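One chain, chain A, links the two complexes that follow: it is found with chain B in the first and with chain C in the second.
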Partner chain A sequence: MDASILLILAQDGIVNGAIYALLALSLVLVFAVTRVIYVAQGEFVAFGALTYAALTEGQTPGALWLLGGLGLAGLAAGLWQGRGDHTRASILRLLAETILLPAAIIAATLILAPLKPGLITAALLSLAIITPMSPLLYRIAFQPLADAPVLVLLITAVGLHLALTGLGLVFFGPEGYRAPPFSDAMITAGPLLLPGQAIWIIAIALALMLALYAFFEATLTGKALRATAVNRLGARLVGIPTEQAGLIAFALAGFIGALSGILIVPLTTLTYDSGFTIGLRGFTAAIIGGLGSYPGAVLAALLVGLTESFASFWASAFKEVIVFTAIIPVLLWRSLRHGPTEDDE
Partner chain B sequence: MLNVRVIAAAIALGFAAPALAETIHVGVTISTTGPAASLGVPQRNTIALLPKEVAGQAIEYTVLDDGADSTRAVANMRKLIEENHADIILGTSTTPASLAMLTVAAETKVPMVSMSASASIIAPMDAARRWVFKVPQNDSLMADAIAAHMAAASVKTVGFIGFNDAYGDGWAKEFTRAAGEKNITITASERYARADTSVTGQVLKLLASKPDAVLIAGSGTPAALPQKTLHERGYAGKYYQTHGVANNDFLRVGGKDVEGTILPAGPILVAAQLPDSNPIKPKALEYIAKYEAANGAGSVSTFGGHAYDATILFTAAVPEALKKGKPGTAEFRAALRDAMEAQKNLVMTHGIANMSETDHNGFDTRARVMVTIQNGAWKLLP
Partner chain C sequence: MTILEVTNINVAYAGIPAITGVSLSVAEGEIVTVIGPNGAGKSTLLNAIMGILPATGHIAFLGTPQDGHAIATRVTAGMSLVPEKRELFATMTVEDNLRLGFYRHRAEGPRAMRDALDTIHTLFPRLAERRRQQAGTLSGGERQMLAMGRALMARPRLLMLDEPSLGLAPRIVRDIFHTITALRQTGVAILLIEQNARAALQIADRGLVMETGRITLEGTSTTLAADPRIVEMYLGQAPSAK
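Entry: the complex of A and B
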């Protein structure tokens, strides 16, 4: 172990940590606004990655039909949930969200995919395909349960994760995919070998974090989300539509998940079911950070990335054990510091 | 009145001797979902191509998915035997689940043909394994082939990196033995997980140990990651992979990074390049033609070939077994087992099997060839 190995491992850990940080942020956001522990977040990583890989190869991604199906299910769920008090405007809005938007995206993809779009177009298109799935899932699975206990929401999220994994196998097949990187550039700095993709990952992660910060601090929607997170009932009393807040939180989570997938699929082979373990690391980071603090989650994610990187050098056979057991001392410390809390909402 | 009696008699007969006694029921449990889906899906597609009749007997296949989960594999097997009256079980795709199914085979006295790799499924032979056969090559056969190739290429030191699961561990064990026999030193033994986004740490450790060659023991497309990272870090030695990567998706994902890789594989992988004198060639080409006719050109994988081989083995045994009893009876099942054990020089798509009381795989060195990757295609090495 010399200084150059130390640097290389640190670089690797920070790049991976940046992805975990994005996932951890979206998990904290969704939990704060809707109290859902979004286990299915990992699936969005895999779906985004596989859709992007398919598009760069000029194939029509299977995710399109999943989007169409979810749109129809979302329409049915919306009509059923609002039965009795639908107005013409609310039905039109529902139709636009569940049918018109997915149809437009599907049409655009069907036209663009055979043309083998450039990498940026493919990435944007993948984001457009995968992101709307998340709010649709919220509408279908979580909106009817908005007032259920956290445990029920967690069980629903696990069920959703299992269902999405199965659908992933149907729509993407069992084989793994890898996509070309955004840039082939390799920057050498001393012992460091900095691939262009790593720079892209860190830059996009930082930009996204700043954008989220600005969104929550400066925009009305962002403030409404924060208000919902602080006190659901209070937010509703002052006229914030909390269901709308849930939809936005899920859309952001879907966007971040798909983006993370697009960022890492040039680095490794992803299969339909590999999103879960990546999401789990984001979850570990979110828990270590306290599931309520955004900077805490980001720092914890970097810690997870670095732990993983160094563990893979010293004891690769026990890497997963080391990364995931890191959560136990943190939970112990937290419960000793804060004492047991009766959290039955 | 007479008519009524005839109908009543027919119905009674129908209940007494149900038509299913004449049909051979084949129960199949494979992993069409879960981590082994890239093995299970071509196997399921292969089952759809299999003969529906052998020696005048109709054959009925029931395919269940176990998701590479041992508990579900055992539950599937019990269901297939109890509810579908299976005379033989084909499956499953992975070693841990196959091992869990052993005891059920012995307990119910229904023979089973596994499609997973580890030799531990059929060795050491005991009362339970008496009922179990296995069509893929033993890991040890493949590990010996790699070690022999390394020795011939004067490789003295090898770095090992494998999956952090039964596949990688099995290979680590087998290869350590095979390398020891050839006086090859293993300089580093690393593990990584299928879904890892980075193997930089492991690769640095491998590079630091300066091996002449690196052996990557992973299956399917995730096995390309260590090779890509080694390339990036400028490793200039030889690359070896295992037969777990022998499908076209690996070539697609690996691209330029996997050129020149050497691996052992079943002869079916390069069937068209085999000499015409090789009896495996026509069998393998026949399977490839059937599979691609149904699933599209270039869709075939060696893993589906194991399902085809399992059927070759059991259909070869059916005529002999029919002499001893009717399908659905314990006698038929026992006779089927005996007849499978008696098969000699049975040509399959992956090799030529000579079964015996102690060897329920029966493959010899004809069941593997050394292959390299050249211009994005598999090429048979002499």
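Entry: the complex of A and C
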């Protein structure tokens, strides 16, 4: 294998690694704030990608109706959970979030989709359609279980993953989709031939990581989210509505999932069920990073991306096996070094 | 003006009653203390008032019923609790802990937050020195100060303190009690739980004695401090801690 192949593989690994890093970061965040292992995040990757692909073709994406349905269910769940604690303002806020916002997005899509919107409009619209589903799912499925053990939350997340995969088949059909890249430019840098899309991915991933860093370090809302992760009771005692923190974490995860899908669907063909294996790689990275460390998750994600890329060159049939078994020595090493991690709370 | 009115509340852990039929009230600028042996249900009482534990009975704050309200709603209304275990944000800095105490007033903007921080730093200069340190690495006494500082950042109308002197040197206990008396001057109502019954009765207006989940004795601090049963059980013959 010569140097140029090495470079191409490394470049591939880093581009994929950047996506896995975003996914891993949001998984760590969601787990820290809500103790949910968000298995269903992969579906957001697929939904984002396929919605974007449909919109660039001028089709109305089927997932649109899921947004409407989840909005109605979210309203019912919100009214029920807040009973006894509702004020006029809180009910108006709930209505805006569960009815008004989805209705506006649905209306915008119905108008824009037949016009075959430009790529950026299509991407933004896809984000607007898919992202709100995640906090709605939190409201409906996880908020009532806020005090349940991690295992119950995990089982719920797996159930959600299965349900969403099934719905994905209904909305998008079994065939694979690919979408046009944001830019067709090919940039040559020495021996490297960088596709414009790769640069988009790395730039957006970096910008998003910086933005997340600034959000968590410099804003009170970001700190409130961290505080909720560190000590849920402490957070409640200073008046942070911890359900709100959960909603924000889920919204971020949904956004990052959908964005990842939109970013990679120009590079690989995706089907309704390919989100899971992509999400699993982000999950692997989050676990290797310790499910509690943000820099750890990013580094591990790059490692997963590179491992995957080189494994597919040397032993492509075993690519998945190699990537996912990489978790075992790391877990062994961690447990030998730190001893068993205590159960949270 | 009555700030807190608790009527006939009961709390049970897995069906086993921990407190039964407890009623009490705290007025503006008043310090009320609850004393009693270990396991009497004092912490349970505060946690129920704050909404951490489900309770039957009635809790009214500033005349508004709080039954069924979430903790965050009660904080926004003006209640603050420094719980027995403090519940600090261990991996965050001292200053971030304090800033988060201001969450209730976040709409007032960064200037107001700065002023509130300055007030707490004047009250507890140690917290200013340690502002960049992680809360989890503070000494026991510093942790207490931070817990109290964080609660005060919310500028509550009712401050509930669960054993603020726990594990502290007498000097710091005196400082903390001094702070509590100073707070009373500003109109804050204070509900204080203490093992150090002598110190608590010295600063409180009224006291309640709690035993096995019930209020067994109630009166002004002076009558309680003179009550032979209290002297025997809680004040003893030991020389004053002060």
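Methods note: the second predicted complex is superposed on the first by the 337 of 345 C-alpha atoms of A that agree within 3 Å, B and C clash if a C-alpha of one lies under 4 Å from a C-alpha of the other, contacts with A are read in each partner's own complex, and residues count from 1 in each chain.
Keep this in mind: a residue touches a chain if its C-beta (ideal position, glycine included) is under 8 Å from a C-beta of that chain, and two chains touch if they have at least 3 such contacts.
What you see is a predicted model, and the numbers here were worked out from it, not measured in a lab.
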I'd like to know which partner A:220 touches here: chain B for first, chain C for second, both or neither. second
Does chain B (first) or chain C (second) touch A:236, or do both, or does neither? second
Touched partner set for A:273, first chain B, second chain C, both or neither: first
Between chain C and chain B, which one touches more residues of chain A when both complexes sit on the common chain A? B
Can you tell me which positions in chain C touch chain A when the two form their complex? 50, 52, 67-73, 75-76, 80-81, 83, 87-92, 96, 99-104, 106, 150-151, 153-154
So in the complex, which bits of chain B are touching chain A? 33-35, 37-38, 40-41, 161, 164, 190-202, 204-205, 208, 220-222, 224-225, 232-233, 247, 249, 253
Enumerate the contact residues on chain A facing chain C in the complex. 83-85, 220, 223-224, 226-227, 230-231, 233-242
Taking the complex as given, what residues does chain A use to touch chain B? 5, 8-9, 12, 15-16, 19, 166, 169, 173-178, 193, 195, 264, 267-274, 276-278, 309-314, 316-317, 319-320
